[in-house]
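Reviewing the structure listed below.
For reference, chains read A, B, C and D in written order, and residue numbers begin at 1 within each chain.
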Amino acid sequence: MADARTEPTLNQATTETDARRRHDPAVRGFASDNYAGAHPEVLAALALANGGHQTAYGEDDYTAHLQDVVRGHFGPSAETFPVFNGTGSNVVALQAMVDRWGGVICAESAHINTDEGGAPERVGALKLLTVATPDGKLTPELVDRQAFGFDDEHRAMPQVVSITQSTEYGTLYTPGEIRALCAHAHERGMKVHLDGARIANAAAALGVPVREFTTDAGVDVVSFGGTKNGMVFGEAVVVLNPDAARAVKRLRKLSLQLASKMRFVSVQLEALLAGDLWLRSARHSNAMARRLADGVSAVDGVEIIYPVQANGVFARLPHDVAVRLQKQFRFYFWDEAASEVRWMCSFDTTEEDIDAFVGAITEEMAREA
Amino acid sequence: MADARTEPTLNQATTETDARRRHDPAVRGFASDNYAGAHPEVLAALALANGGHQTAYGEDDYTAHLQDVVRGHFGPSAETFPVFNGTGSNVVALQAMVDRWGGVICAESAHINTDEGGAPERVGALKLLTVATPDGKLTPELVDRQAFGFDDEHRAMPQVVSITQSTEYGTLYTPGEIRALCAHAHERGMKVHLDGARIANAAAALGVPVREFTTDAGVDVVSFGGTKNGMVFGEAVVVLNPDAARAVKRLRKLSLQLASKMRFVSVQLEALLAGDLWLRSARHSNAMARRLADGVSAVDGVEIIYPVQANGVFARLPHDVAVRLQKQFRFYFWDEAASEVRWMCSFDTTEEDIDAFVGAITEEMAREA
Amino acid sequence: MADARTEPTLNQATTETDARRRHDPAVRGFASDNYAGAHPEVLAALALANGGHQTAYGEDDYTAHLQDVVRGHFGPSAETFPVFNGTGSNVVALQAMVDRWGGVICAESAHINTDEGGAPERVGALKLLTVATPDGKLTPELVDRQAFGFDDEHRAMPQVVSITQSTEYGTLYTPGEIRALCAHAHERGMKVHLDGARIANAAAALGVPVREFTTDAGVDVVSFGGTKNGMVFGEAVVVLNPDAARAVKRLRKLSLQLASKMRFVSVQLEALLAGDLWLRSARHSNAMARRLADGVSAVDGVEIIYPVQANGVFARLPHDVAVRLQKQFRFYFWDEAASEVRWMCSFDTTEEDIDAFVGAITEEMAREA
Amino acid sequence: MADARTEPTLNQATTETDARRRHDPAVRGFASDNYAGAHPEVLAALALANGGHQTAYGEDDYTAHLQDVVRGHFGPSAETFPVFNGTGSNVVALQAMVDRWGGVICAESAHINTDEGGAPERVGALKLLTVATPDGKLTPELVDRQAFGFDDEHRAMPQVVSITQSTEYGTLYTPGEIRALCAHAHERGMKVHLDGARIANAAAALGVPVREFTTDAGVDVVSFGGTKNGMVFGEAVVVLNPDAARAVKRLRKLSLQLASKMRFVSVQLEALLAGDLWLRSARHSNAMARRLADGVSAVDGVEIIYPVQANGVFARLPHDVAVRLQKQFRFYFWDEAASEVRWMCSFDTTEEDIDAFVGAITEEMAREA
């Protein structure tokens, strides 16, 4: 006989949910890796962590274990703070790294500068010190355009260099490039933050352990991305250098990023990172982007404008072709005036999706000729 | 033969997750309704909404439908903005309701004042105008202690009255009390915000449609709580009076509360609200608190200090009894110096849990005598 | 013959200013010490510091010398940062003392809570942890109502106790009371800030060197008030404990409080503090308040509601008497509902002013009888 | 016999100030117009406004009259809000013009971006949307690099275009250029702010009434500069279009920019603007810059790098020449790596100063040859 405490009869008579399916799960596109849903293994992990009571706000067994899982990847000093979303991860991390008077050097194209609604400035009270780049990547020379005036009270003090890996343009830093940037920053008394919203794609593409281009390269704090790589929601601030960040827990709380039922964030991260799900999914989306790039490279009039190194393809093609394609497949203009588009692949993009899309591009370009 | 696009073979060979169960789902306590997990119907809803691509950031089919579901409860003008957590819901709502120079009148015991790490002030740049209350409830008279100086630039302009229903002390406002507060606030040019982290418990306890003590009583904006009532995560800002809140979407984004895969928040809210799951769960947790209160009322030396009107029981009992009980059941001191404790019931609390707890209390009190 | 560089002919033909006198310098009242103008010696100091070029933003000879002048009063470790106004002084000082997650314990009646438009919260991103007091004064016991939860991320971390000397009610802390408060705060890891908008009145009233109730009592940082005591404008953040404040210069700049022509703030402070002008003026305004209090104590029906220890008199008298008096003399209701008024004396209040006012009060009360 | 109330014997026995002269008023340089002191007529105005009591915080007779004086220049709808300093003026003005979610388009070289310590972001919670410019001047085309995404919640909403006149590089917008920019901005729903820290130099150089390039050109709000043009301290937010700014008084207060003894700011502004002092001084400093530019244009090896249109001269010359010159005359490198310097003239720069400086430049360059 079942013990009543082990098998509580929940207060419902039905196993059916009151919610209903309202979408066609067969429809996919190339608009964003955020358009994809969750990986089935991630959903399974949620179920696994469910039931019974666990201490709220991060004192649960899943969050505790996650520390070890992440240390397996980033080294023994890594400390992991699960949060809700990518903007939250960046804003919490950067606040923990700078003083009230600090500034953050980043590429003009950085997500923190272009796509976070001013949250770093408004919530984090940060000053972003931006630099134009050709491909979304900073270099020591580019950093130096803003790395001055450290003692000048009239200027936000440059305290952090923030890079994105893989970048907003789908390009990659090599481990050596990051090492050089970190050395440069550290020599000038600055710390390095890595926005890893797509860090799995970078690790998969580089084919090296993630710590080779983070901890071992000198990165101080990572925003580790999970949502775009198949989680329902969730990211993590991973502090690699304990001296580089202060009071992350407090800043997470006061920046609205503290999940009460944190076990559900942590177990998803564990599902990604305990085995190789994170790499499997990233390798797959990278391969799909590669397949797409290869496919369109054969099509005259479609120009790929950045190296395809992760899961995104940026292309220039005739504006009306793009518009006609958008009627069949979801994707965005990146710079509509320049007729540039972005095609993103995700963990659930299939080879058939790519081939159908390449077919459509070929066909629409042919109509154009 | 299955169409490849309809049934994508995801990039995994296994249906097993890499995460492992690390807790005993038979263990429950009375520490917090946030210690409970998710209701099985909520998890089922997540699976239902999974698969395929849906527009990110709230332009999905689930969020669209949620509007109708919520309007069914709050009336045809309600607009719903899913967010991550309760602090987020409150800070987004209040920012949307006040100007840069505005102030928010609330009880000293309000969650926004005591438990949000200063987020309303720091993220929302709000001034809280607090009032001491006997039981966590504002009255028109108490509001007036801060409702002055509307034209005085030296003072934050009182623009919002924020109440919590059910309150942080487990007490309830009647619909009439809220109606009176709203009339009072509106007459003075102020709007009314209701922090509904436990609004389901209030609706269940009052036995009236939720709109009777919100929309129809004059409340302008509600923070609708889902997490404590069985969601994995998720709350919603529900704007009842469209004139009372500006730019909620923008404020949600820049306040770090915009979920990219919003379908997963919305479908959980739908699971609660499309049928009666939200009320079923709340009625159950309320009943468990009632059973607990009734149980301990028979125990000499245990004093219940606030009316037990929702799912929380606040009691005073000998300090060492409390400490001994905490070794068997998780719960918190509310005011340790005063030897006051808080016992919370949740949707998965069982009658057996209550009876075992009352038994333990009785036994420990007996040892004391 | 005058050297052209020594006596530049400025680009004007006239010694007449284009501005015109628009007020009657014979009219004074009891509304506020901010209604008074500047002491003639202060104006003379401005002229003295004028002419030629001096490095801007605080690197001038007057600001350098001011350091020594202030150290003469507060001890050799004092560092002085001139600012524009009192709110600026408080907000810069408190930001320098707390972390992004810190809170400031203060009396509910503190100027930083009631009269700064929410600036500490909005500009300083501070959480004020307020305590009701009978007379505007904190005690160790009152501090303890907010001094808890130091490790609780859900709560702003109490890091500073802020007191006002003399208080907003015209009352005084004794040196011993401040010593006890500082010891109490320091034991709990908190620092002490003293809002000295009227610190000169306190020093004059106590009859002790100012360091006896600041540096020697354990106060960490003082907001030193100059404007109310006869300056054109200007206050100073005075850091007594160098370990208690960080980056004041940077915070002053980014908080809009850095004067470009700082010599003109510093020389005014020097004018007050190099000799005894600050005490002369404060003793005089205190004496005038004493004379006023003594005068009205003989009038039946006028009740003095706080001890008159500095330059303010708080009284209760019939509402219509107050209204009639306001037609002859400027002053404010403090709490109109309670028929309580505030009468402030300043450095330029004369005995004749007091006697005329007491006469009018006596007369109006007589009409009332 | 003197009436005691008319001629109060102030509480001092001496007309001597306790402060002492610590600088040589014969020494001037080219470092900054902020290094100069105050114009004697401005000091005379302070004395004029002194004495007696005037309502604090802006309700005085001088601030009231200032409204008319400023309207004489900017037109009948102008509303004037005196503040302490330039950063304050900009931050108050911009907050009043944007919503919590707004952004401000400005040149990368704008003072608000480079020299305000991040105050617009930190205090104003503004997002600056910066554009690289060749000469510090925006054009409609340059504005369009940031004027997009008005409906995109992921991006700060462009709401204001901010220009500086004269610019940080000593260049000028023509009235026609400003008219075109305003028309462009207004068509896109944006307002225009003009940072007029050196607006007098612009008016003097253009030789047109100030309203021709402000009110009549479509500018909505001006930060009117006084300090650099001979005031002890003080600037003003001048709202030209009442629909373009909200709650300036409240924002001034909560941004730490409300002077208690405001009569002393207002009377200085009146001293500048009631007659032609502001233009006399500006014409003079412009003429001195012209004389300097003419002088060095004859010196081989010294290159003037921006058109000299106001009171600043930007030049490139051999680095060691610059360093040797700095031992005789104060001035700053603008970009030391590029060996570029900035020479500023002020209202008290004399022809002899210029001629001596040109002589020294000539001599040092000769040593170099």
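Heads up, the rule we're going with is that contacts are C-beta pairs under 8 Å (C-beta built on N, C-alpha and C of every residue); 3 or more make two chains touch, one makes a residue touch a chain.
Just so you know, these numbers come straight off a predicted model, no measurement behind them.
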{"item": "Proportion of interface numbers common to chain B and chain C (over half same, under half different)", "value": "same"}
{"item": "Centroid-based (C-alpha) most distant chain relative to chain D", "value": "B"}
{"item": "Whole-Å gap between the CA centroids of chain A and chain C", "value": "51"}
{"item": "Chain B and chain C, separation of their C-alpha mean positions in angstrom", "value": "43"}
{"item": "Centre-to-centre distance between chain B and chain A (centres being mean Cα positions), rounded to whole Å", "value": "30"}
{"item": "Chain A residues counted as touching two or more neighbouring chains", "value": "57, 100-101, 116-118, 122, 125, 153-154, 156, 250, 253-254, 258"}
{"item": "Chain B to chain D touching residues, read off their complex", "value": "57, 95, 99-101, 125, 153-154, 156-157, 246-247, 249-254, 258"}
{"item": "In the complex, chain A residues that touch chain D", "value": "100-101, 103, 114-118, 121-122, 125-127, 130, 132, 153-156"}
{"item": "Chain A partner contacts - residues on chain B that touch it in the complex", "value": "3-12, 14-29, 31-32, 34-57, 60-62, 65, 84-88, 91, 116-119, 122-123, 227-228, 232-233, 250, 253-261, 263-265, 267-268, 270-277, 280-281, 283-284, 330, 346-348, 350, 352-353, 356"}
